[in-house]
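Below: a set of structures, written as structure tokens.
Shared chain: chain A. Partners: chain B in the first complex, chain C in the second.
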Partner chain A sequence: MNKRLPVLLLTAPSMIILLGVFLLPMLLMFLLSFENAQESFSFENYLLFVQDPFYVEILWRTIRVSLWTVLTTLVLAFPVAMYMAQATGKMRGIITMLILAPHLISVVIRNFGWVVVLGEGGWINQMLLSLGIIDEPLRLLYNELGVVIGLTDSFIAYMVLAIATSLYAIDPSLSKAASILGASRVRTFFTVTLPLCVPGIFAGVTLVFSLSMSAFVTPALMGGTSVKVLPVIAYEQIMSTLNWPLGAALAFLLLGSTILLVSAFTKIVETKRYKEVFAS
Partner chain B sequence: MKKINILAVITWIVLILVNLPFLVIIPSSFTAAGFLSFPPEGFSWQWYTMILERPEFIDSLIFSLELAAVTAVLATILGTLAAMALHRYKFRGSGIINSLLLSPLTVPSLIIGISALLFFTKIGIAGTFTGLLLAHALISIPYVVRLVLTGLSTFDYTLEKAGFMLGANPLRVFWDITLPLLRPAIVSGMIFSFLTSFDNVTVSLFLVAPDTTTLPLAIFSYMQETLDPLVASISTVVILLSLVFIILLEKVYGLERLFGLNSQSH
Partner chain C sequence: MEKMIDVELRNIQKKFQNNIVVHDFSLQIEKGEFISFLGPSGCGKTTTLNMIAGFLEPDEGDLLIKGKRMNGVPPYKRELGMVFQTYSLFPHMTVAENIAYGLKLRKQSKAEMQERVQRVLDLVKLPNVADRYPKQLSGGQRQRIAIARALVIEPSLLLLDEPLSNLDAKLREELRDELKRLHQEIGVTTIFVTHDQEEALSLSDRIVVLNHGSVEQIGTPTEIYHNPASEFVHTFIGKTNRLHGVVTKVEGNRMKVQTDKGFVVSALQPAKAVQEGQRVTVFIRPEKIVLSAETAPAGVNQANGQLMMTSFLGAFTECQVQAGGEILDVKVQMLEKLAGVTPGSSVLCQWHEEDVLVMPAEGDRL
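Then we have the complex of A and B:
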């Protein structure tokens, strides 16, 4: 008892903020999401998802954009993480700094930079036009491509860190042993390095997927009005249409479907690994 | 040897790409033209003097700095106290308090923003400094708790005991022994909280009012209407300000260490 008292006292201010600004409001939001236009309890807002093809399409678009983001971050981050694992301490520090520093600058500003680069009169289009490679400006912005580029830029650091951390942990003598036993570089990579960094890839994939699913700023700025993902629709319901129950329900549906997809993915990966273990 | 070179090439391309927004924004803020272009045309400070004529940016910059500073102090004090208590006194249930304190990191900012708006509207602090402060403190405290807990994991309690034996009172021991030893963790927690608040968009979005707008949101709403070099010049100011804090963070704690802690959540 005399142990609990100081803890309760010292954690109380933080816990009050946690309860008052987070747990209680979330509970209220959850209850509100079951309210219909007549202010009585109903599943209307949630059923909309099954009945209205508009919302199904929005959810599918959100998932699609997130999956593309996972794929591009994975493809780009893997070589970076491999290089970091091989690099000397000083070089590793420089790369870490250059990949993490942008992360601490507002996403609004990073997106703005991309708008300048990718826009119709932007740098890339100007260059391609003046070189005569294209006749008309390419549409690189205000479509799903633009959103995926923006999200990839936002979340690649998480993927790099997740994979790099698992690569750092691999005992270098394992690759050495493989090459002494006559395995080629490619073979060593596929039979030693890759299987050992699966947990890192897995962590990166689930993290980037969850972050992409709930991203709001980048889809709003780089997708424009044509690529409305679920967070943008939820925002509109809350702030423009002022249908708070529906907005709350949409936000929880987003969270629910993210958790569902991530745990399904976890299940598949685990089952596959068990099979591998028992097969060998 | 060839394979390493390919990796190096891809790595540098990625590093250039993630820094490309800044490499484009900073030069184009000095354009002499009346429209946004890259590469910029000519050189002028006109878009910087333009900032001074836009009270919405000046006001929101000052508001953001104040909010970030107060958030940093509040989150650091509360988070440090909580972390120290949790580390020193372990009992059944302290693990629950620990994971509760870290839980805001696992919920999307969108939900935190919406739920705060709903509740703050009920109690009448939506759109106020207090509302924003509480919400920003909520998302900053977990980082402070984590950083200070990590700092404490190598903390040597015998130093405190020695202080007591030599006759120092508890306050003196805390001030002269505990605090200096935890300084890197506490200071980086404070800088990180400052940046978390200063950069935040998704939570602030739901809690601002016309006269209480943060700078990232002022830029966000301006960008949805017009895209001109003014966005570039105000962004450059923010980039340089953030850079000061990022360099500080790197010197005090090291970004690698900092993100090693954070990579599993958001």
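Then we have the complex of A and C:
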């Protein structure tokens, strides 16, 4: 008892703040999401996702864009992480800094940068046009591709660092052992390196997926009016339409589907063997 | 019948940037031989092993395994077995999967794999751990599995890279005996890299002593111990007392040395002949000095002194004796039986002339 008391006292301020500004509003929003236009209790708002194809498509699009972002960050981040793992300590520091440096700039500014680069008059289209590779400008913005590009840029750092951390933990003599036993480099990668950085991949995927699902700024700026995702619609309902109950329902649907997908993914990854090998 | 040469190194040289780490290394290893590369860290022993394994390429010279030139052949095509200091078992595989890894790459049938895995597990006396993960095993068990994994592919050559260094003293000795037994049982040609002279002495058919990238001596453990080719070899293999002096008399194959601190030492003429008046270094191993409580005048091969310090180590006691300005290390069995000898007492140190090693002094040391 006398050991718990100081812990309780020390954590009390943050607990009270969390309770007051986080849990309580969540609870109020949750209750609000069950209100209909007549201010009485109903499932109306949630039923939209079963009945209205517009909302079903938005949910599906949000998941689709997030999954694409996870895939592109994963593919792009892996070689970088592999390079970091075999580099010297100094080089690792430099790369980590380079990866994190863009985050010093507001995501709004960075996204506008992309708008300039990817637009119809942007240098990518201009270059491809002048080289005669394309006849008319590619649509790289205001579609799902644009959103995925923007989100990839925003979140790739998390993926790189998550994978690199798990690669650092792999004893370099393991690949020597595989090699002397007869495994080529490709074989060693797939049978030793990749299985051993599953925890890093898992952390990176979960992180990037959750962040992409709830991302607002990038889809709003780079998706335009045609590629609306759940957070954008929820924002509109609350700020423009002033339909708070529907906005709240959208937010909870987003939360629910993220939790559901992440736990399903966890279930798949955490096999008996995974727990045996990686449990600390 | 002529001896089969399994491994041959011909004038191997390796540089890192401008540092020569292995210099003109030539060696022939016979089939079934257990050979050790012994030396302090940075002597080039691990670099040489890595060149034999194929992780590094020699800058100059040829490497032949079973008569085939191996320069440029990647490790995975060399058909070798290797055991690492850090065990290097794949943590995400069970013991059986670890051992079967090499067999799988060699496209063995399931039944055959199972049988061979079980056979090597029996060989390393761990028959019941097939389904465990490496982290559920002790350090000694892990290293046994690593040895099993290396042996199961029936390699043409077994490379051991300081496999005992991460184990505590008792386990190290146990596994050392185990390695000896395995080698006798299987007879696989083995190269063992170590910085521990005891390991090298007890296991090897021959030892290669390396220092600063060069071979100091190649010989059997007894040759290395009793007839060291250089001061380095003698001082690296076990403790020794080092006295500096001048040769005063040479008579046939015997000689006398007057040391700087006043001892008179007689010795047999060394391999590198010395002349009267030449400065030499005299070595006497601590276990070759006999301690007694007698008092006798100082003379040839004996010195009076005072017992300074003792460390009881069970089977023997390490003593330090202050004698005429020198501090001699002496190893005594059963010091407790020398009545009345305690730190502070006067003692007599004696040794035989055949146990004295004389070498020309290196450099201008006074």
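To be clear about the criterion, the second predicted complex is superposed on the first by the 253 of 280 C-alpha atoms of A that agree within 3 Å, B and C clash if a C-alpha of one lies under 4 Å from a C-alpha of the other, contacts with A are read in each partner's own complex, and residues count from 1 in each chain.
Here, contacts are C-beta pairs under 8 Å (C-beta built on N, C-alpha and C of every residue); 3 or more make two chains touch, one makes a residue touch a chain.
Just so it is clear, the model here is predicted, and its values are computed rather than measured.
Participant: Quick check on the superposition: with chain A as the shared anchor, is it clash or fit for chain B versus chain C?
Facilitator: Result for chain B and chain C: fit.
Participant: Looking at the overlay, what does A:196 touch: chain B (first), chain C (second), both, or neither?
Facilitator: Only chain C is touched by A:196; chain B is not.
Participant: Calculate the angle at chain A, using C-alpha centres, between the directions toward chain B and chain C; round to the nearest 10 degrees.
Facilitator: 90
Participant: So, does A:183 touch the first partner chain B, the second partner chain C, both, or neither?
Facilitator: A:183 contacts chain C only, not chain B.
Participant: So, does A:131 touch the first partner chain B, the second partner chain C, both, or neither?
Facilitator: neither
Participant: Between chain C and chain B, which one touches more residues of chain A when both complexes sit on the common chain A?
Facilitator: The partner with more contacted residues on chain A is B.
Participant: Looking at A:173 after the superposition, I want to know if it touches chain B, chain C, both of them or none. Which is it: first, second, both, neither?
Facilitator: Second partner only, chain C.
Participant: With both complexes overlaid on chain A, what's the closest CA-to-CA approach of chain B to chain C, in Å?
Facilitator: Nearest C-alpha pair, chain B versus chain C: 12 Å apart.
Participant: Help me check something: in the complex, which residues belonging to chain C touch chain A?
Facilitator: Of all residues in chain C, those touching chain A are 53-55, 74-82, 84-86, 88-92, 101-102, 105-106, 133, 135, 149-150, 153, 159.
Participant: Quick one: which bits of chain B touch chain A in the complex? Just the residue numbers, please.
Facilitator: 3-4, 6-8, 10-11, 14-15, 17-25, 28, 36-39, 78-79, 81-82, 84-86, 88-91, 93-94, 97, 100-101, 103-104, 107-112, 114-120, 122, 134-135, 137-138, 141, 145, 195, 198-199, 201-202, 205-206, 216-217, 219-220, 223-224, 227, 231-232, 235, 238-239, 242-243, 245-246, 249-250, 255-256, 259-260, 263-266
Participant: Which residues of chain A touch chain B in the complex?
Facilitator: Chain A residues touching chain B: 3-4, 6-7, 9-11, 13-15, 17-18, 20-22, 24-26, 28-29, 32, 76-77, 79-80, 82-84, 86, 92-93, 95-117, 119, 121-123, 153, 156-158, 161-162, 165, 185, 203, 207, 210-211, 213-214, 216-217, 220-221, 231, 234-235, 238-239, 244, 247-248, 251-252, 254-255, 258.
Participant: Applying the document's contact rule, which stretches of chain A touch chain C when the two form their complex?
Facilitator: 171, 173-174, 176-184, 187, 191-192, 195-196, 273, 276-277
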